[in-house]
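In the two complexes that follow, subunit A is the common piece, with subunit B as its partner first and subunit C second.
Then we have the complex of A and B:
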């Protein structure tokens, strides 16, 4: 029974990490920036969601509100910060680290602004369904209707994303701009706007991750919550496992990471909550520095 | 070169004398802040060495500082070593940690390295709760003792901290300056400039990168031990992720390749909470804004610097002057 429980917890957490990883991959593909502020943006979007939940008392309205909010924030960030960054910091010793430093600064700005507006205390978001476990033959599982719902919603979202990418013109433009921006521009794609769109999609995906991470955890939201530190690191690690460039890789990376953390916490020690992801990341990078699904060249970018 | 070096030594001694007299005339709080500035100078210069010269990013220097601080505290409590040896042990322990991390780092680049060290910064301090000897969430006491009586009755504890930290800062700045001017410093710059070309010149890239990480970590460990000296305890909460970020901010503000600029970053990091306090008071804002304003200012300053003075104020000034000279010709 423990085994099943651990597995199901890991899968649910993994799908949320996968969402976060997808949003990082979307940003990486569109602008070649690893967005360390992604979790901060997810936090801000979740606060939007919180406002909607408290006013309208419906999680299902709050979720799209958070997504739209997240998309707008991300698009603004791309238009203001990233475009300036690409223009200014391209020479000198700082060039290699400028995007990293800028997104870290952004993370700090978003966190402190959220803390200024909503305060440091815990705010509560009530999930759409109960998080009490299913009961089978008088034994209670940890797996709950909420976790089932998260699984299904995330799967649907991933399906929608992959349809966008594979079947629509927008998806084609996104892929083309990532693959060869110059040629894409020559064929009449407005690469700048496609990049903004990539960020917006990432913002919306991150918002969903933030909302679910909150209700799947203890249901509370604060600028310093452990859930978001974990989201920050796990999203990145999952994306790296997937090779940063591949959406499928991000999904698998998220699931693998979720399962691994869940099993380590269950069978090794629950005190390893924060150090386990680091060890997993190091192990994977030692075996394959370019990520499990990454192309050989991805590492150099 | 020889002449220049002896001039530098004179400058460093002069700096020490100025600091000595300064510590006599300003009030206690400023002396304490002076000690903090000295600690930040050391920590920031370790980042400048690593990021500015060897081109590697670390968001995990807060964790390496924690390693140094814990090593010093454990050496002091369990082994009852004299305090100066504790600082040496802090340097050695974090250098070993840095060598291990560096071995991993040498295989990684850019965002991969940043993310790995980020995971370390979040993960490592929580390890303190795993081992009883590290004292869990409360941490360990780290007490360097009272200043020696020979310094007089008036000599306060904070002034003693300031002396220790100031001396350590002068020594480590001098050491770093020499390392950067040596063969190793040139090797690192060559790698940062173009790693393929450096390799063709016969430079062992992985080894030099690990060396840079080791030295930088050792210096960070010293800064960590000094930081916990000024606080009086070593606990996980003294080394949050925010510390690693502020160090990076300090280094960027200083100019990521200007060692002498470390002072700028350190002063700014100490001054910002004060400035934020004044600003918050002026506009009469709520407690929420007051507590978060310093964090906001640090981060906003970081973004603005990266966007508009990416290579630091000193470097910017130098570039402008060079341009000016070129246009006059």
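Then we have the complex of A and C:
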């Protein structure tokens, strides 16, 4: 039963990391920027979700509110900050890294602003269903209705995303702009807007990750919440495992990371909570610096 | 005159790539532009399609000044540019590469019709429609690049060295297709080529560019017969 438990916990956490990784990959593919503020933007979106939950008392309304809020914030960040920085930092020693450093600054700004608006204390978001484990043959699992719901919702969202990417013109424009911006422009695609759209999608995806990370954890939200630090680190590691360029890679990276962390905590030591993700990251960078799915073949999705 | 370039000057930083170039290409004309490496041919095409901003001069297309317009706006005015080096996206399938060409029209039905049209021009693409573009041969990729441009229903087609790296037999086939398309679709074509003889043979108008300046502009056949052009560019 321990084995099953560990597996299910790992998979659930993994889907949330995968969402975060997807949002980092979406941003990377749109603008070639590693967005360290992604978790900060997810935090802000989750605060929007919190406002909706407390007013409307429905998690299922709060989730799209958080997603729309996250999409708008991300789109604004891209239009106001990133677009200018990418255009202007073309020479000198910080060319290329300027937008990345800017996202680090943005992370700090978002945290401070959140603390100013919502205060430093823990706010509570109540999940849509119970997080008490299922009971099978008088044994209570850690796996709960909430975790099942998260699992299903994330899988549905991933399915929707993959349909958007593979079957629609918007998806084609997103992929073309990522792979070959010049050919995309010559085909009549307004690449600047497609980039903004990529960020918006990333913001919405990150918002879902933030909401679920909060309710899947202890249900509380604060500007310097450990859950969000973990989300930043894990999303980033999962994206790197996936090669940073591949959506499928991000999903697999998230699941692999979730499972690895879950098994290490269960069978090695629960004291390794904060070190395990980093050890996994370093090991993978040593073995395959391009990421496990960093090969060209994985750039399909 | 359909395409009218006058006194066009383009710089790469401090270097002058094109200087005071004037060209007029009437509707339905296939113009071949030849010249050695670094003559400024690619720069000229990139300026015409809006990828590069000129320093000076004017470009008129169908009576409208088009300098300052972006590529995505120029595609909508009928200008399609097939850039150098088999400009296809290897990660996408043949069908997706083609759909890309018609994406701005936002009309699925027209897009399907155009794919059928391209498949009838290049049957090989029709057979490989579901394959990823990186599984295609060099010649097939060039066909795909031209096919993508055709998908946009262009009136002015800018082709940058379609013969690059292709076997002689395939080059002949591509050139013949370009000639046929020009006539059948009443296109205006500006074909930039290192393969000077092959390009001039199918062209109506010949333009010789050297070090960013026009050194000769005449009927293509007249250029082929011109001893100076023969010695410098045709190699006999």
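Criterion: the second predicted complex is superposed on the first by the 294 of 301 C-alpha atoms of A that agree within 3 Å, B and C clash if a C-alpha of one lies under 4 Å from a C-alpha of the other, contacts with A are read in each partner's own complex, and residues count from 1 in each chain.
Keep in mind that, in the parts below, contacts are C-beta pairs under 8 Å (C-beta built on N, C-alpha and C of every residue); 3 or more make two chains touch, one makes a residue touch a chain.
Just so we're clear, the structure is a prediction, and the values are computed from it rather than from any experiment.
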* Of subunit B and subunit C, which one touches more residues of subunit A? -> B
* Asked: Should A:71 be classified as contacting the first partner (subunit B), the second (subunit C), both, or neither?
  -> neither
* To do: Could you say whether A:63 touches subunit B, subunit C, both of them, or neither, answering first, second, both or neither?
  => neither
* First, second, both or neither for A:238, with subunit B first and subunit C second -> neither
* First (subunit B), second (subunit C), both or neither: which does A:173 touch? -> second
* To do: Check whether A:189 is in contact with subunit B, with subunit C, with both or with neither, and answer first, second, both or neither.
  => second
* Is there a shared patch on subunit A that both subunit B and subunit C touch, and which residues make it up? -> 299-300
* Structure fact -> Residue set of subunit B touching subunit A in the complex reads 51-52, 55, 57, 59, 104, 107-112, 114-116, 118-120, 122-124, 126-127, 129-130, 192, 241-242, 245, 248-249, 252, 256-257, 288-289, 291-293, 295-296, 298-300, 302-303, 306-308, 310-311, 315
* Show which residues of subunit A lie in contact with subunit C when the two form their complex. => 169, 172-173, 175-176, 179-180, 182-191, 296, 299-300
* Residues of subunit A touching subunit B in the complex -> 34, 36, 81, 84-85, 88-89, 92-102, 104-109, 111-113, 115-117, 119-120, 229, 232-233, 236-237, 240, 244, 269, 271-278, 281-282, 285-286, 289, 299-301
* Asked: Of all residues in subunit C, which touch subunit A in the complex?
  -> 49, 51, 70-72, 75-76, 80-81, 83, 87-92, 96, 99-101, 103-104, 106, 148, 152
